[in-house]
Amino acid sequence: MNKKKEIAVVASQEMLADGIFSMWIQTEAAKSAKPGQFISMYTNDGSKLLPRPISICEIDAENEKLRVVYRVTGENTGTEEFSKLQAGDTLPVIGPLGNGFPFEKAAGKRVFLMGGGIGVPPILELAKQMKCGKKQIVAGYRDSQTFLKEQFEANGEVYISTEDGSVGTKGNVMDAVAEHNLSADMIFACGPTPMLRAIKQFAEEKDIECYISLEERMACGIGACLACVCKSKEKDHHSNVNNKRICKDGPVFLSTEVEI
Amino acid sequence: MNKKKEIAVVASQEMLADGIFSMWIQTEAAKSAKPGQFISMYTNDGSKLLPRPISICEIDAENEKLRVVYRVTGENTGTEEFSKLQAGDTLPVIGPLGNGFPFEKAAGKRVFLMGGGIGVPPILELAKQMKCGKKQIVAGYRDSQTFLKEQFEANGEVYISTEDGSVGTKGNVMDAVAEHNLSADMIFACGPTPMLRAIKQFAEEKDIECYISLEERMACGIGACLACVCKSKEKDHHSNVNNKRICKDGPVFLSTEVEI
Amino acid sequence: MNMKVNIAGVEWKNPVTVASGTFGSGAEFEEYVDLNRLGAVTTKGVANIPWEGNPTPRVAEIYGGMMNAVGLQNPGIDLFCERDIPFLRKYDTKIIVNVCGKSTEDYCEVVERLASEDIDMLEINISCPNVKEGGIAFGQNPKAAEEITKAVKKYAKQPVIMKLSPNVTSIAEMAKAVEAGGADAVSLINTLTGMKIDINRRAFVLANKTGGVSGPAIHPIAVRMVYEAANAVRIPIIGMGGITNTADAVEMILAGASAVSVGTANFFHPAVTMEIADGIEEYMKQNHFESVSEMVGLVK
Amino acid sequence: MNMKVNIAGVEWKNPVTVASGTFGSGAEFEEYVDLNRLGAVTTKGVANIPWEGNPTPRVAEIYGGMMNAVGLQNPGIDLFCERDIPFLRKYDTKIIVNVCGKSTEDYCEVVERLASEDIDMLEINISCPNVKEGGIAFGQNPKAAEEITKAVKKYAKQPVIMKLSPNVTSIAEMAKAVEAGGADAVSLINTLTGMKIDINRRAFVLANKTGGVSGPAIHPIAVRMVYEAANAVRIPIIGMGGITNTADAVEMILAGASAVSVGTANFFHPAVTMEIADGIEEYMKQNHFESVSEMVGLVK
């Protein structure tokens, strides 16, 4: 009984790109957070009761602050409500949740850190904390609004892809890998399912150890409701069927463990 | 099609007494408002959808501002939410609604303006606008927190009753009338039903023209849903039964018209 | 692009009407809504004689919605015909008269009386949970629902919409029963029966003890029932229950409703029906629908 | 003052348990809730063999609540007995095992297996709307409900709570049926069947098309059903559906529930059950109740 829902306080909020917001919040969750974990963010509107799981983008453990970067998905959504919060406003959260990236395993290795779209933000804290041989950050965006790019450049070699070709390689992160003829011993990736599917296939073909962060609708965020499962290759020890809970057993999985 | 729900802006808010708040709001509704009318105030929380009908306490038509004075009825209520609003915050409202006090009829008469509890506030604008022979304001409170008393004193002769006897007559407004041996040709009253019942009886016994402002649960506030009816003596022309709508035909009724 | 819909032979200019009992006979909303913008106006239920309705409190707020036990207060068919029909006829919209009663004879009397009136459709409320006799009794039993439909159809000169209760095990069965009885259309859902207790007074919040739950809280249940009914009958469905915005209305149509009624939302957003009519048009444009009927029941 | 309640011969330290499926087997909530503070823990439904459950998405947010179609994923009775019962036994709370199945035989197999286990009560879920076979079929038909109750009672060594579906015309009739079948208690309500459509993708939000609606949105419907059931049967009632705070819980008890289960609220307020247990105690103090049973069904 050491965890609870907490009323976090917004420290700052800014818009990074069209519909993409960055928020620093004051929360105890920062003390124990790891890259690749997420927090459940709750609205202050009684009609919207379920959590919005949002990945941790940066951690300032000392000052007990977390940064989240998120996309407003539409009108009258929870994320739209979040985007209107200002410094001093409150925000109920639970976290940190999930397993996080096993970045210790990267020591000495040549690594791809791959992020696509709104999967880019969690890669930042990972890039900051990871110690490895060669840190190759491959970030895929829609267009020239390459949010967080400067911060990535301070933390590794950066390759950019954009769907419209306005910056870096035209196409997705795999196109950037191909264009620059990059290679790696290990992959950490977060992004839309089609991107993760391509990365998983690439990694398995080349026998690269690959960790991917998955997404699913959640209700509890803590492993109790069985809403957020993905298909696992083996029978999961908890569920006794071929299902793993993304919120609790993930969101980060070894690519060979799961079917997507 | 000249009316609409409007997003009013809070101009100021203060606490007048324990759990009693006063708020000035910027709203077009001020332009046409009359004493005894009310506004429907809506929460910003999607779980609480019905209006909170609140009487108009003061009108500043020129600056398009209205004052409401209201009681927070409990935790997690709409009125509690209102009490947390600060200058600049928004508040959806519809109004002005209802008929208001027919105060023109008071010209030259000796009048009682009677308010009890949270029925005191609407008496203020009435006292300010009413022109009459003798303006006797009788206000009943719970205890020594006699909110709005100073403003009443600037607008007529003031008699106070308190339930605990800490200020003025111990008891209710009728006790104050008795103690001071007051008399009148016309009464305007707002307050809890038992008080209105006593006033109605008093007025009818003495054959005094008496207007009382009633309360009932509302859903539409504009006369469409038939939620807020009271029993009327005669068949109401609109309903064709012995019911009148408090939101539309009232909230102010000639005491002999209604049964309470 | 065509916003028109044809409900049992009656052409509405758009698929948006109001739910009975939430809009009076339109007069009170005249200041907030241009009634010409509605496909139809559905009136508050009317009986053969005036009804007083239930004691107050008649409404209560609930989480994400409300509960009512108005009990079908109404001025009776005579005053209704004299005052409300001429009022509505001034507008370019269809008139749907909602009919209530305590016995088959009551319903038939009103329907017969309306046969000679200038109105467009009849909606027969066999699903009001707030009156002791009649109403819901017909609405929770397929045989009784079929019988009353047949009886009413004998007297009806206008197309008959049967309004169904959600307080049943199988809405599909109820829809089939009224279709078998000759209904020209069905509307659903009426309110779900609920109860609220004031724990401080230790008493029911509504004088009637129970009331009908409406508003956004019931929307997903309504969508499911519209879907089930649409898969059970061929007659058109007017979908309602918690519709509060364009998305809710479109959802109902995609589930199988040929038109939609907006109820409780009128109380907290009086202009909502106009916004929804515009919103549906906008949605159709963006998604390249030529007519409303293309959308009806599209999601299977 | 006495917070204890006696449900079919089993004494709980207070009237608060969790609704099946919203609390796992307690392990995941151990970090958020002191399980010793609960009158009982009701486990996620368990079947004779492991079930995979439904495809994702399995949940959707709805106005004032949620919809789920988890489809009773569970590890099967063997792993359950081996792992979950010993885990729960570490705590000073009663254990209610929720049982699901696709056929009478399935249910009986699990119940028989549990006869020799150290658990306190059985809750038989005949009301899950999210699995094709079984479940709801028993829960929407009084005869079938009575029969399965009888069958299960033959094998049961612990008191049997029958869990009822709200998707019925008469909850009173269902409660009477399971009472006639020998049920020791009833619990209600399970979820109301709902549907949500994504109008942009023009597809169902849940992979299962329909799902069970839960959360505050359904609370007034649940209170009404508890009231109706309480007036129909003598066996105790465990009330649930949208309980989110102390007032909601007290309301259920005043309506006729001897104990309450908190479900969906755990998802957005993990410590809610402890707060409600404290809140009920506080309410009893303030209102001078000596025991919970004095409050049960007090509002008539």
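Per-chain residue numbering starts at 1, and chain names A, B, C and D are given in the order in which the chains are listed.
Convention: contacts are C-beta pairs under 8 Å (C-beta built on N, C-alpha and C of every residue); 3 or more make two chains touch, one makes a residue touch a chain.
What you see is a predicted model; the values in this text were computed from it and never measured.
Where touching is counted per the definition, the chains common to subunit A and subunit D are B, C.
Centre-to-centre spacing of subunit A and subunit B amounts to 55 Å, using the average Cα coordinate of each chain.
Taking each chain's centre as the average of its CA atoms, subunit B and subunit D sit 47 Å apart. With centres taken as mean Cα positions, subunit C sits 35 Å from subunit B.
If you average the Cα atoms of subunit C and of subunit D, the two centres end up 34 Å apart.
The set of subunit D residues that touch two or more partner chains comprises 63-65, 216. Residue positions of subunit A touching 2 or more other chains, listed in rising order: 46-48. Viewed as a network of touching protein chains, the structure reduces to a complete graph with every chain in contact with every other.
On the subunit C side of its complex with subunit D, the touching residues are 62-65, 67, 140, 167-170, 192-197, 199, 202-204, 210, 213, 216-221, 223-224, 227, 242, 244, 247, 250-251, 254-255, 283, 298-299.
Interface residues of subunit A, counted against subunit D in their complex, comprise 1-5, 42, 46-51, 94, 216-230, 238-243, 248.
Residues of subunit C touching subunit B in their complex: 21-24, 28-34, 44, 50-53, 56-61, 63-66, 68, 70, 73-76, 79, 215-216, 264, 266-271. Per the touch definition, subunit A reaches subunit B in the complex via residues 44-48. Of all residues in subunit A, those touching subunit C in their complex are 46-47, 76.
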